[in-house]
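Labels run A, B, C and D following the written order; every chain starts at residue 1.
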Amino acid sequence: MRIAFAGLGRMGAPMAANLVRAGHAVTVYNRSAGRTVELERLGAAVAATPAAAAAGAELAVTMLADDAAAERIALGDDGLLGALPAGAVHASMSTISVALSQRLAAAHAAAGQRYVAAPVFGRPEAAAAAKLWIVAGGEEGAVAACRPAFDALGQGVIVAGSEPEAANAVKLAGNFLLASTIEALAEAQTLARAWGVEPATLMAAVNALFRSPVVENYGGAIAARRFEPAGFALALGLKDVRLALAAADARAVPMPFASCLHDRFLAAVGHGLGGIDWAGIARLVAADAGLPE
Amino acid sequence: MRIAFAGLGRMGAPMAANLVRAGHAVTVYNRSAGRTVELERLGAAVAATPAAAAAGAELAVTMLADDAAAERIALGDDGLLGALPAGAVHASMSTISVALSQRLAAAHAAAGQRYVAAPVFGRPEAAAAAKLWIVAGGEEGAVAACRPAFDALGQGVIVAGSEPEAANAVKLAGNFLLASTIEALAEAQTLARAWGVEPATLMAAVNALFRSPVVENYGGAIAARRFEPAGFALALGLKDVRLALAAADARAVPMPFASCLHDRFLAAVGHGLGGIDWAGIARLVAADAGLPE
Amino acid sequence: MRIAFAGLGRMGAPMAANLVRAGHAVTVYNRSAGRTVELERLGAAVAATPAAAAAGAELAVTMLADDAAAERIALGDDGLLGALPAGAVHASMSTISVALSQRLAAAHAAAGQRYVAAPVFGRPEAAAAAKLWIVAGGEEGAVAACRPAFDALGQGVIVAGSEPEAANAVKLAGNFLLASTIEALAEAQTLARAWGVEPATLMAAVNALFRSPVVENYGGAIAARRFEPAGFALALGLKDVRLALAAADARAVPMPFASCLHDRFLAAVGHGLGGIDWAGIARLVAADAGLPE
Amino acid sequence: MRIAFAGLGRMGAPMAANLVRAGHAVTVYNRSAGRTVELERLGAAVAATPAAAAAGAELAVTMLADDAAAERIALGDDGLLGALPAGAVHASMSTISVALSQRLAAAHAAAGQRYVAAPVFGRPEAAAAAKLWIVAGGEEGAVAACRPAFDALGQGVIVAGSEPEAANAVKLAGNFLLASTIEALAEAQTLARAWGVEPATLMAAVNALFRSPVVENYGGAIAARRFEPAGFALALGLKDVRLALAAADARAVPMPFASCLHDRFLAAVGHGLGGIDWAGIARLVAADAGLPE
């Protein structure tokens, strides 16, 4: 497939590389040009604007940091919208708000283009190993058109529904579950520490019970107070909690745990922890109990 | 070993049976006599009081519903305390408060007896299959003395520390994590439903991410609105959240998620849901979002 | 003064009337024309668009339901922005977001006009009696220019600062305090009822302590379960809690009580209570305790 | 009346003095003898034990720091229970748990004595000025028997009901409202500060709205960051939040604000603030927002 790819960050760069390696004709765009060198070496073409990348493409894939970037690349000057051919698909794989996803869907539809929301679960290593889980939302044919690309990027596709934003809701619900797991583990370990139990001892019991790599990894990091370098920065975690709350608010869904998490992440940022791993909210949990962070 | 066993409820009965089958000389006591018939058939002796069961025992195991029952059996009239031989061990396997565990430890020490807190993770089926996970707290020799019994009851022993109540803290932290998982799953599924996503679709993504039988089982039950019959009654969940908060309060540990859970479980009981499975708090989560329970 | 007045709702209509009665030359605009009849009878001119009202005015006052309406009137087609003379002041007295207030300030400044945020405390009766409290934010001269109008509308002006949005933050903080008072009273009365105490008895003690008309009025309404007709609709309360949280989030301020309130108001709307008075969140507080609503 | 008075702390000492000044025959008891000197000088008799004070008394008044002290004085060795004449009344004016109040009522009834719970609102200055508000619970005749004493202590009596613990529930609900007011004011001021508004400016608006000495005093202390010396120590505030939650839990009343407060006060104690005024929780609110405490 002729694929435009915009956003060569920690996730996007290995994803674009996988598309090249799978034999697709990939044209990349990135705001800061330095990131394109490696892709060019692998065989990708490089475009100076999103529009230039999208011209003639069958599929445009975007993997961007937040709503502002996603909106600029798609709807801004020299954005995808003005250049993507009729009938071509924009697969937005960033973690963005349901609201922006709805606006993108409407804008592309008005331009005769198709839109699929396809956020992913997985960290940069999973992106590099083509082991992402992809949640896809959109009209059936449009999702099908993305399959060759998705096959090169992940280990599976979960179809959320025919409304694109359904996929964003799933992604936000998933990240909310991860954040909840972190907070719950931090509270549980703090309780254990206060009663003289080594966090590793608690985790032995917890892992026997949950048998989950997610619980094991985050529980281990919290037990070891290993929050740097950040696998996923706390400030990004705050962003995703905000997006989950916004999606919930728009449909009048009360989410008390998400509200707690919002306050916790805000406080962590207020205490200057925005750059450490999001499991680092555990430092505040301990400090509030009078224990060493 | 000569073992006294008190408490033949849904957990205790299969545990006592496993001890008999493993060749131990078991004398059982239960407040309502009917529960002893099956154990007697298997070869257990039956005692009319906890004291009668404990006389001459090397080990007394208790598996009771709550603090009140545990206190009565151990410290009440005709309780274990007055009859257990010097040096013998009381292994308290019930989910009880850290405060009661501390009092039991002190009482047994004063009587020249030994005390081990050994709460378990696992449901009645795990108890029947001798697949419990046992968390043991107490003086090293006392825990070692319990090993022959523990080997017949579970698939592993996690030593929490030399203070018995450390094991109770681990158990309460573990149940808090389970309750947190339920609430988080309920909120996540409600968010997804509000955006038109089938809960089962969300769970496909969540299970790919967490790969945990706990998440899969509770997530599946919530998705299917399958809350009866109760595997673990909501009212018992409230009891355990209370015990976790009490343990946290005693050491000045703030636990915002536990506070949320406390309010949620209280409200569920207020709405008459105390008898359904504790995953049934999901009904309130949905109702508060204006969705069918 | 020559004053344009847009927004003749329950608050705006009596405010505009007071400006007319005070001798100002008032031109009113309202989206639905019926509301202008009474003002015309009092001596106001009527304009067909916000722009027509603003042409030639020294001061434009807006009193609108929400951000969407405030934005449309000021920045939309035929809005104030295109017609207000250079140097004239737009006094925005609606309860709107800090974010919109910042945008309005920037837009008016770019057009050579001046902008004052001047939200008010007080219900329609206070508006009719010219007993509002006005919180004003903006450049000193601009606030001074509004004084003749403010004098006809309220019993006092509190200057929040030279940044207009500071006034909006004060208004949102104030409404948050009111909502917190309602929730706290509802919880306190529910606790009392659960112990057999008449809410009126509790309020006797509380009123002796607080000596506040706000506490007395809301406490009395909750005690009497008198939630209709709505003095201030629950759905509007939700709107204001959202605005407070948004203002807090923008500056990374965690507000746990506001988070609680957000969940409470969402649940109330989910249970179909959006149209009753916002003190009616007390119905959920009671229901969650298993008491008659 | 012949009155025994136990507990000469910051509240009890001026209360006992007022009883002496009103002409009652008062015998005081205090654990540390030094506190009795001033009362003796005023004309009170001094007893070496609670029992000695209670012998021959028509009324025993207790004003103690917490449940443990109240229980010891009433039910401990040489306590009131063994010495108070049949038909005499024990008026327990301390802030204690509903549970202890129920136990005291039962114990006195079994001993042929009468029991009134009569907690008070007001600080030491109000106690000295005989301006307390007294909330009384108990059998009508027993409350009536206390009137001569109450008249010398306070400015009014609010009868909570015929069950003594109803009065304790009212007291705990009232203190919960005070703590909620503090937290809400702290959050509101933090929001305002984050938007560049002086706390005193916010309070001008808030005071115009609430017109409450409670709001004005706490709001002023928070605005001025004036938390020492403590009028009411934060650690005592935690105690009272705990008692409110315990009373709520016993009747299955969810109180989300009280849960928030519990976590806040625990964290404040964890950060070493237990000795400052309870309004000092505002320091954590600010710190969590990244503002100077």
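Keep in mind that, in the parts below, a residue touches a chain if its C-beta (ideal position, glycine included) is under 8 Å from a C-beta of that chain, and two chains touch if they have at least 3 such contacts.
These figures come from a predicted structure and were not determined experimentally.
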| item | value |
| --- | --- |
| Any chain in contact with chain A as well as chain D | B, C |
| Chain separated most widely from chain C, comparing mean CA positions | B |
| Between B-C and B-D, the pair with more C-beta contacts | B-D |
| Chain centre separation in whole Å, for chain D relative to chain C (CA means) | 38 |
| Cα-centroid distance, chain B relative to chain D, in whole angstrom | 38 |
| Cα-centroid distance, chain B relative to chain C, in whole angstrom | 52 |
| For chain B, residues contacting two or more additional chains | 248, 252-256, 260, 263-264, 266-267, 269-270, 288-290 |
| Residue ranges of chain D in contact with chain A within the complex | 263, 266-267, 269-272, 287-291 |
| List of chain A residues in touch with chain C within their complex | 242, 248-249, 252-256, 259-260, 262-264, 266-267, 269-270 |
| Touch list for chain A against partner chain B, complex | 98, 121, 133, 135, 156, 158-161, 163, 165-166, 169-170, 172-174, 176-178, 180-181, 183-185, 187-192, 194-198, 201-202, 204-206, 208-215, 244, 247-248, 251-258, 260, 263-264, 285, 288-290 |
